[in-house]
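Structures given as structure tokens follow.
You will see subunit A twice below: alongside subunit B first, and alongside subunit C after that.
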Partner chain A sequence: MRETVHNPLFHVVRRGVIPAWRAWLIRGGAILLSLVACGLVTTAVTGENPLAVYVTVFNGSFGTSRKFWTLLQNVAMLLCIALAVTPAFKMRFWNIGGEGQVLMGGLAAAACMICFRNSLPNGAIIALMVVSSILAGAVWGGIPGFFKAKWNTNETLFTLMMNYVATQLVAYFCVVWESPKGSGQIGVINQSTELGWLPVIGGQRYLLNVLVVLAVLAFVYIYLNYTKHGYEISVVGESERTARYVGIKVEKVIIRTMLLSGAICGLAGLLLVGSTNHTLTTTIAAGRGFTAVMVSWLAKFNPIWMVATSFLLVFLERGAGEISTNFGLNQSFSDILTGVILFFIIGSEFFINYRICFRRSTEREG
Partner chain B sequence: MDNKTAAVKMRNITKTFGPVVANDKVWLDIYRGEILALLGENGSGKTTLMNMLSGIYFPDEGEITIDGKEVVIRSPKDAFDLGIGMIHQHFKLVDVLTAAENIVLGLEGKLDLKAAAEKIRSICDAYGFEVDPNQKIYDMSVSQKQTVEIVKVLYRGADILILDEPTAVLTPQETDKLFAVLRNMRDDGKAIVIITHKMHEVEELSDRVAILRHGQFIGDMPTKKTNAQEMTNMMVGHAVTLNIDRPEPKDARPRIEVKNLTVRSIDGILKLDGVSFTANSGEILGIAGISGCGQKELLESIAGLQPVESGSIEYIEDDGRREQLIGKDPLSIAQMGVALSFVPEDRLGMGLVANMDLADNMMLRSYRRGKSFFTDRKSPKQLAEDVVRRLDVNTPGISTPVRRLSGGNVQKVLVGREISSAPTVLLTAYAVRGLDIHSSYTIYDLINKQKAAGVAVLFVGEDLDVLLELSDRILVLCGGKVSGIVPGRGAKKRDVGMMMTKLGGDRQHA
Partner chain C sequence: MFDILSFIPRAIVQGVPLLLGSTGETLTEKSGNLNLGIPGVMYVGAIGGVIGAFFYEQSLPSPEAIVPALAVLIPLLCSLLGSLLMGLLYCFLTVTLRANQNVTGLALTTFGVGIGNFFGGSLIKLAGADVPSLALSATSGYFSKSLPVSSAFGKLFLSYGFLAYLAVIIALAASYILNHTRTGLHLRAVGESPSTADAAGINVNRYKYVATCTGSMIAGLGGLYYVMDYASGVWSNNGFGDRGWLAIALVIFTIWRPNVGVLSSFLFGGLYILHMYIPSGMNLAVKELYKMIPYVVTIVVLIITSMRNKRENQPPAALGLAYFREER
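== the complex of A and B ==
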């Protein structure tokens, strides 16, 4: 007589490659599910009609033309920084110093606006701003790159520390350049003369930023996928030994890539100071240096997909903010909703790689 | 043997990975007091089958019975509880812990290292192992680590042992030792399964063989009643000839001259000590030696990947011009016009990029070509298609990442790329390691073709039988020194073996 044995209720099986459309179907399903979950949470907590909640979320980004342009500007800036860190990430160089590199770019731009306002014409100031902010970002990214290449220092810690140094430098100059005296803030720079303000095109304040970031997007996409430099980055990222074996100079690639990564961050700093805000504060990057890490990862380092992931994150953030104000909830509630949605999106990757097999119901003899 | 009851019965076992059927309704019996050799080509599903027995994978279909009782093995812990232990190809040990600590790691109950060490010693005495329970893993040789792995499963009370290609990393002497231990365990009534590609090991060690092909069970029989030829035919599915060609070298002239080459590792250990030899065009120079005797450093020095302390490596052009290779990196060697190809030991960690597809891997050597800032994607694609067709690479397509290919196909891709640049020097390190017979012969064939085309081939091998059959001359290394250079034709295995362990061997050829 045989004992009856039970198969486990379910077991997890690795999938082979699944077609891209099925992977996106799963991801799309996850977003839908996350919206349902958000609706349930909101209704449970506030008693509001979930549909009204979704309408509010939507209105947060598309309610008025001003909200829409704010959305575009935020997406553009987040995307720009995500594009900046991506070449480094592809090289498995974990640059989490985007925040500091942006700040240094912004600092350089503000310095040009303030120091040369009495001596140079507007055009020259802007040209100087562009060059110096890109250089400042590149230097701030290049330093950890250099140390990594020469002495194999840990880039995560190094870039993180560089953020604090940059923040303190900006804090110092905020006091040096404070206006009015005693406020500890710079205030709007050159408000009356608008010297060093980047031009407004098409009557839209934020259009310039969007266009510049689109150009950066095209550049990064082509650079990573179609150039020899991009190919070298992939090889170094996948295996340094292979890179050396085929004669790639790994140190050179690391430093070069970090210079580029920092330079694009510096450009983002220029846009934030010269175009969006016309001022400099320690929080001008607004945590985007870190959010950009998530944007890049969620898109699997693909620049085109990053448009979608950065849009998604900004859209959610603004929608959640709108819920908080409209329904009289505080900011923490929007964080909860963002958390729920990210949980579903990141969790869906599991179902793309694995399949769950449930116990078959057929009874076995014995 | 047929009257024994099976310790393990696997029935109708099926396992799929996505679209790939790794095991297709496999039947397998494992008996106590017997060593079973599980044979099959790369990718025939041997390891998958054994992984299901040891709880790493869960079968999609089928039943497993242990001692007549149907069981469900959900995890490695379930397997241990049933007395099944597997020793994997890649060891799973914590480097900074001692042997004893590794062995008790993860066991429940009070931690008593003294008692554990006692028990380890008694296990070692019973079967003839040599393990120092207090030695740290990082201080151990590969063979010692393997011994710790075996003791680990015995300590947990395993009496069904599975060894996945245990001899791939061992020297001949260590292999003999391992076999003696396995025989002791068999005589003690344990059931032993060994996965291997080496026919002479199967014949020497096993009592019974079972053969898988393309995930299906082909048959099993007592080892005594079969032979290498029959087993190979069953594995491959058609008749194969087991002879390696060795045409006479044509128009051999010096191509690479190495003089007094001395190399130290980063830790300052002498790896090569005054090595001198000449490699000729149109000739295969076999390099024999116990693993770690400087083979890797020798090839990497020539390829420009290894800093050299002293000596000279000269490349001799057809017109007699000489180029010094020392102090140059692979890029400058290539820029000098030296067509040097290198098939390194670590295929996926050095020769290829595992996550890139075939076409991108073809680009590794050629992507710099041209002045353009952009890469040329078309010619690598063509080359990839060419290699797939000419070398009969089994792949879904050229945009498949190479990590998804089986070992033999990975090697074909690597060799295919390296010979595509029409080299004048070809360096190969363990070109057939882990490859099944069929793939191995394909590789020998490719190397012979290069030789016929006038390439100077340096062939580092571990299987002496193959070295003796393939090489025109054999350079024997012993502890970083040249122990001797003997002609391949007529060389005796015993003599070369002696030279590997002792400088100059017994001086017969000196």
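== the complex of A and C ==
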């Protein structure tokens, strides 16, 4: 009697270690495919020649020097927030509250600019802004961290809710500090005196942000890879039980890392309010708290690769924005394209982590 | 003077989209999928209905030729189809390709909101209106049709469109299925411990797919209700706002129980519009603080349930984790 064994068409096997170059080859392929898909979608909607679409995308970022600086500024801010959430992600703490932490940092900076403009000199205000916005961000990140450490409260949902609490707080102060009265907006803070505006370096408005973020990049890279704290974070992330066994105080690590994560977000808020916009609105973080999650994850939590991934996302977003303007589509078209690209990249991870084995056409007798 | 008789119906109509959204998300989360794409799914559900209604209205030779059954069915089916596709996309990425659920969900939200606003904007352009919104009053009339009663009782209980009652029925049915049927037991097993469920012969992937897609479709109905009934068929970009996230908050607030969701969603609806009813005089700023209440309440519930640490009040144990059989 022959035993009949059901043999599926293919089965999935986890890969062992895959060489880095092959992993990035797969990701690169996914990005290329996603670009083709985006081109097709755009062609379908606008009826334009696909090549013209890609030229437009490119022009969106590199068309003029102003566009290029805007690109750099956006990359820097996104990278900053991604760097902020990364230490938390590395210990498997899903901090999707970057948005709220940035807002709180911005709120603290704006508060210093407004409350002390008549009583303190410029230098003192800036020093206060730096300290208070970093503190505000740290507190906003530390609260979910504290509850996660003490009672294992679900951090994804907690940090998500904290975003909206922060948004409403900012909305409250936007009305309190509104100028002119009745507009519900703060407007440019200290426009005539420029008190509390962070200095402009080398005549480029956004250069300061870029430099600060580069410093943060170096800090986070060293912190995660070459310090005891960074090591503790990776152990906690890989296995909490191991961490406890070797005597790492997991609670302490969680709270400390979230304080740091929030603090860097607060710094991003400071840069956005003190240097980029000179004003505060509820949309100042512009969804970067969420995009940063993807930037960090796509780069496999590696700070150096995050430069590339944040650049890629901003480049595509600005390109898609340019398509919308040039072909008379509305701005949301860029959200659709961003979504399509992300789906491709997210999906490609499967082919890095798993291997598909097809059924052999001729069954071996066994 | 706090006008309770006008407050409660308004709280309820605010609560219905939240109820549908949270029922859908609860089903999804019970299968272990934390679908953060619900806000996007609800947008797609809404725009699906709008597209269906728009082209149906355009195809009519005259406004009088409208057939009530078609006017309801076409938008309904379009909406369900749209949200089903979103659910399938999410499942394909997270279940079949085992991608990270948080990242996929956030991308889905970006994508869905983009789809909603893009097609909404395009339809507005097509309609050639002067205002940046699209009005589908003819079809929407059938969605918001209610019994003609004017007593206080009627106002409180009978003044809503059919989707509102459907929402309550779906929530109660979901609750029954989860707690009193074998399917529900299997579904909960998949969410708590997929490897155990797999060993018991339950098809984990199929349960995840069905629960997530059904959940998406239910949540999509929330978007449909918002635009066709609450907003009387007027689509304006970003009009739906942050209700999707509030629906996710509600899931936590109800500690993963759709039947609790019925009353809690009305409570949330009330909290959402409370700022319009509390006399704050000229102080507009305080209103912004009132809008914070639903989120603060959710955080408090989240903290309390984690502190009390009762086993039946916890999120599904495998929530947010992809399942791969060969990894134990």
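Quick note on the criterion: the second predicted complex is superposed on the first by the 336 of 366 C-alpha atoms of A that agree within 3 Å, B and C clash if a C-alpha of one lies under 4 Å from a C-alpha of the other, contacts with A are read in each partner's own complex, and residues count from 1 in each chain.
Heads up, the rule we're going with is that contacts are C-beta pairs under 8 Å (C-beta built on N, C-alpha and C of every residue); 3 or more make two chains touch, one makes a residue touch a chain.
Everything quoted here is computed from the prediction, not taken from an experiment.
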item: Touching partner for A:14 - first (subunit B), second (subunit C), both, neither; value: both
item: First, second, both or neither for A:221, with subunit B first and subunit C second; value: neither
item: Which superposed partner A:241 touches (first subunit B, second subunit C, both, neither); value: first
item: Greater residue coverage of subunit A in the superposed arrangement, subunit B or subunit C; value: C
item: Partner chain(s) touched by A:346 [first = subunit B, second = subunit C, both, neither]; value: second
item: Contacts of A:116 with subunit B and subunit C, given as first, second, both or neither; value: neither
item: Which superposed partner A:154 touches (first subunit B, second subunit C, both, neither); value: second
item: First, second, both or neither for A:62, with subunit B first and subunit C second; value: neither
item: Contacts on subunit A seen with subunit B and repeated with subunit C across the two complexes; value: 13-14
item: Contacting residues of subunit A [partner subunit C, same complex]; value: 12-14, 94, 96, 147, 151-154, 156-158, 160-162, 164-165, 168-169, 171-176, 184, 287, 290-291, 293-294, 297, 329-330, 332-336, 338-340, 342-343, 346-347, 349-350, 353-354
item: Residue numbers on subunit A that touch subunit B, as the complex places them; value: 2-3, 5-8, 11, 13-18, 226-231, 234-235, 238-239, 241-242, 244-249, 357, 366
item: Subunit C residues within the subunit A interface of the complex; value: 34, 36, 89, 92-93, 97-100, 102-104, 106-118, 121-122, 237, 242, 245, 248-249, 252, 284-286, 288-289, 291-292, 295-296, 298-299, 302-303, 306-307, 309, 315, 320, 324, 326-327
item: For the subunit B and subunit A complex, residues of the former touching the latter; value: 17-20, 58, 60, 69-72, 74, 303-305, 329-334, 342, 344, 346, 349-356, 360, 363-365, 367-368, 373-375, 377
